[in-house]
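Some notes on the structure that comes next.
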Amino acid sequence: MPTPFILMLRARRGPDQWVAREEYDVLPSVPVSEFTDPYGNVCQRLIAQPGPFALFCSAEVMVPDQIAQAPGAPFIEIQHLPTEALSYLLPSRYCESDRLYALASDITWNCLPGYDQVAAVEHWLRTNIRYEPGTSPVPVSAIEVRQRSSGVCRDLSHLGIALCRALSIPARLVVGYLHQLEPMDMHAWFEAYVGGQWYTFDATQSGRKGGYVAVGYGRDAADVAIYNQYGPPVFPIEHYVTVEELQR
Amino acid sequence: MPTPFILMLRARRGPDQWVAREEYDVLPSVPVSEFTDPYGNVCQRLIAQPGPFALFCSAEVMVPDQIAQAPGAPFIEIQHLPTEALSYLLPSRYCESDRLYALASDITWNCLPGYDQVAAVEHWLRTNIRYEPGTSPVPVSAIEVRQRSSGVCRDLSHLGIALCRALSIPARLVVGYLHQLEPMDMHAWFEAYVGGQWYTFDATQSGRKGGYVAVGYGRDAADVAIYNQYGPPVFPIEHYVTVEELQR
Amino acid sequence: MPTPFILMLRARRGPDQWVAREEYDVLPSVPVSEFTDPYGNVCQRLIAQPGPFALFCSAEVMVPDQIAQAPGAPFIEIQHLPTEALSYLLPSRYCESDRLYALASDITWNCLPGYDQVAAVEHWLRTNIRYEPGTSPVPVSAIEVRQRSSGVCRDLSHLGIALCRALSIPARLVVGYLHQLEPMDMHAWFEAYVGGQWYTFDATQSGRKGGYVAVGYGRDAADVAIYNQYGPPVFPIEHYVTVEELQR
Amino acid sequence: MPTPFILMLRARRGPDQWVAREEYDVLPSVPVSEFTDPYGNVCQRLIAQPGPFALFCSAEVMVPDQIAQAPGAPFIEIQHLPTEALSYLLPSRYCESDRLYALASDITWNCLPGYDQVAAVEHWLRTNIRYEPGTSPVPVSAIEVRQRSSGVCRDLSHLGIALCRALSIPARLVVGYLHQLEPMDMHAWFEAYVGGQWYTFDATQSGRKGGYVAVGYGRDAADVAIYNQYGPPVFPIEHYVTVEELQR
């Protein structure tokens, strides 16, 4: 039975991420219609016919070697936030920030408002939620992650995002690739808006090593599923991911 | 202490809703900055100073007398939906459509796909979830509404939306006014996209009487709070709503 | 014969312009569909039936008493301009900036790049192009205005805009109302982007008195016709404009 | 002296144009910032340092073999046009449609309104304006093209667009590549909106052969310069273009 898909597989283009080469193959070839979602992600709509169906994406992307850090970067008051950041303040499907005020305050009670609060949230996640690499088929929400005290990269990010929003700090999920991730797979991390720009946080990694390639931004995993398939599920989906450093 | 607000109080302008007159007073007067959110709602950002603070909004709006109905209007396949409708297919904070597939199938098992499914969902809500007019300060989610078997207008809408999305039918929350609502207050209902357009559904009312004035659209109540206040809560907020029919 | 119109008559909402009250009547009443154009102007589409047809618009708008001035505000280099400003750098129907480099250089040869250049352009217009209040039915272009050495408010603005763009300074036309304009009518002026924001310039007025109410922004008069009527012309269109100061 | 550039070199992604592979090199490597303009074109902003500077773009794009034709496709009345098409009705820098009503009526006096009018315009261009392949450094406008009775591909398109708009038919310029263009170079053609969709017209070619790869859309050449360079001109710019058919 023909199955419609919406896919989000192209590397984002942006100020810190230059896509020098990109390749996208659909086999067998079917008509693909592209559109841009409200978060600026380029998505593909297509209908897979019955039988084997494969997608190959490859890109050569220039990204920073190091994640920017900014201890002391101040909290931005609501009235001074850029319009685009406002929707990242609201609770969303997997980030119930409206029920995490107390925990967020506890974690950050002695921090300067702003970057230091987010750094404290990231540190708390690293210390309190066990990171279990791998993929869980069904996303769970921040409240559930907190109860389980463990999760995949997406789960830690959801809880981090919900805690930031509970502090009135805009936060968003990023899905993409990370160089030297162990084991290699798609990855998820989060960004928080403090001191007038978005900063990257990742509770699954230590150090501030770069190599992050963003594929999709959104309020949480509901917005940035790399694929949404509608209709009866398709099995199995094999999924290979590799990331290599290029010398230029 | 000065308190930032984001407000959503202007009647929407659209094909079926003509705003002939509008008034918006802020007392005491403070600078107001307006912006349009990703759902097309016009929002106001302002900072209320300590002391009494009041907002008066009034509008004269022409809307249909009757809600459009379309039994038999077909389900629109994913690949033919307009781009704008796609984000209304995803689960959201208060509409966990990803966990309601079984219920949605049960309710609609003998329906033609499309309008008739949504009508069956609306009928099921009317019969199974007790409508309790009034305001609940904290929104609860579709799953919680189902467990409680009762709720305010917003709660019934959230469950209706989540059930539609579980059937791959785009659905969105509308917040606004309804002529002759008893008791009078802000109101919430939902729209579903079938047969190539959005149709209005409201499980709290019987008949297909019109008089709906839309103020905000969104995925759920997280997107269309008529006010979001940041910082320590402000008490009390008195809130008066009146809707009258005008003869012209 | 029914005649389609696209109208642009609502006061803009923005950071420096708060619309406290607004009224818009169409007589006889016909369906009106509203949309927002690429410049953020709210437009109305409607079809006037044969016979008398009238529009009444009225608004209560709070605007600054004084036009902001910023001698010395610097030129912003192309790479630092906000994306939204870039389309205001290009030549347009009535602003042939691509043919005015020499004149623009002559007028501003001894100015600091930025605000002072625009002020010199405004001064040059005031001194070299005779302002003839009134309405000319057909817009003429900057090059033609220069040849005629006279023009209505719109014409002076077109030449001012074209000269700014020839200097790589973004400039846009504003159509709207001006308190105490003599004789009272719709008015047109221009804004230039220097020192990180848009500043108002008006070669038809002396002093920096405020009272400007913006109705439409665009690259030139082709974008901000307050009405575009399609099909055989409709005669006569009576047009009354009044602007009063309100005490609050 | 460092020179800022805005470039528009990526093949568009759209319903009829699938970009399977893309490569974009900037030598020497400099930071590039990408943004999307109001017409949906992806643009690059960068600053070229003094010295040699080169750009290499290459893409593998699937496009139709034949241009769609639709004799008899009807004129769409203003009130039924999609909002996005409305700005392509207005006169623009190089398309003075406001001064071509008489010529447009003459050319199409015996045509059914719609596609057949545009086909008549295209035929008239082919017969009355001599196509001179090559590049003219400075764009000239529709009125000027008519006076000269000859022009490059861009000039013929400008006149075609202006004539369509004079008939209240939305029309837009497309810049891109054409397979087997003789001599090979960047190319320009136009699209007109009739019968509910955009159709391709090209007065420089005979037959309805496909192989068109769109790079930029806009109202005219002012919007879709493949590069805009600001500051003192840079010489020489060598420019090589090749288009090959791929077997897959």
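Brief remarks follow.
For reference, chains read A, B, C and D in written order, and residue numbers begin at 1 within each chain.
Quick note on the criterion: a contact is a pair of C-beta atoms (placed from the backbone, for glycine too) under 8 Å apart; a residue touches a chain by one contact, two chains touch by 3 or more.
In this text the structure is predicted, and so the values were computed from the model without any measurement.
Any chain that touches subunit C and also touches subunit D would be listed here, but there is none. Work out the mean CA point of subunit A and of subunit B, and you get 29 Å between them.
Taking each chain's centre as the mean of its C-alpha atoms, subunit B lies 43 Å from subunit D. Each chain gets one centre point, the mean of its Cα atoms, and the points for subunit B and subunit C are 37 Å apart. Within subunit A, the positions touching two or more other chains are listed as 33.
Arrangement of the chains shown, judged by which pairs touch: one closed cycle in which each chain has exactly two touching partners.
Chain pairs that touch, as defined above: A-B, A-D, B-C, C-D. Interface of subunit B with subunit A (complex): residues 4, 6, 33, 35, 37-38, 43, 45-47, 77-79, 83, 86-87, 89-93, 95-96, 98, 138-139, 168, 222-223, 228, 230-231.
Put simply, subunit A touches subunit D in their complex at residues 13-15, 18-25, 29, 31-34, 36, 42, 62, 248.
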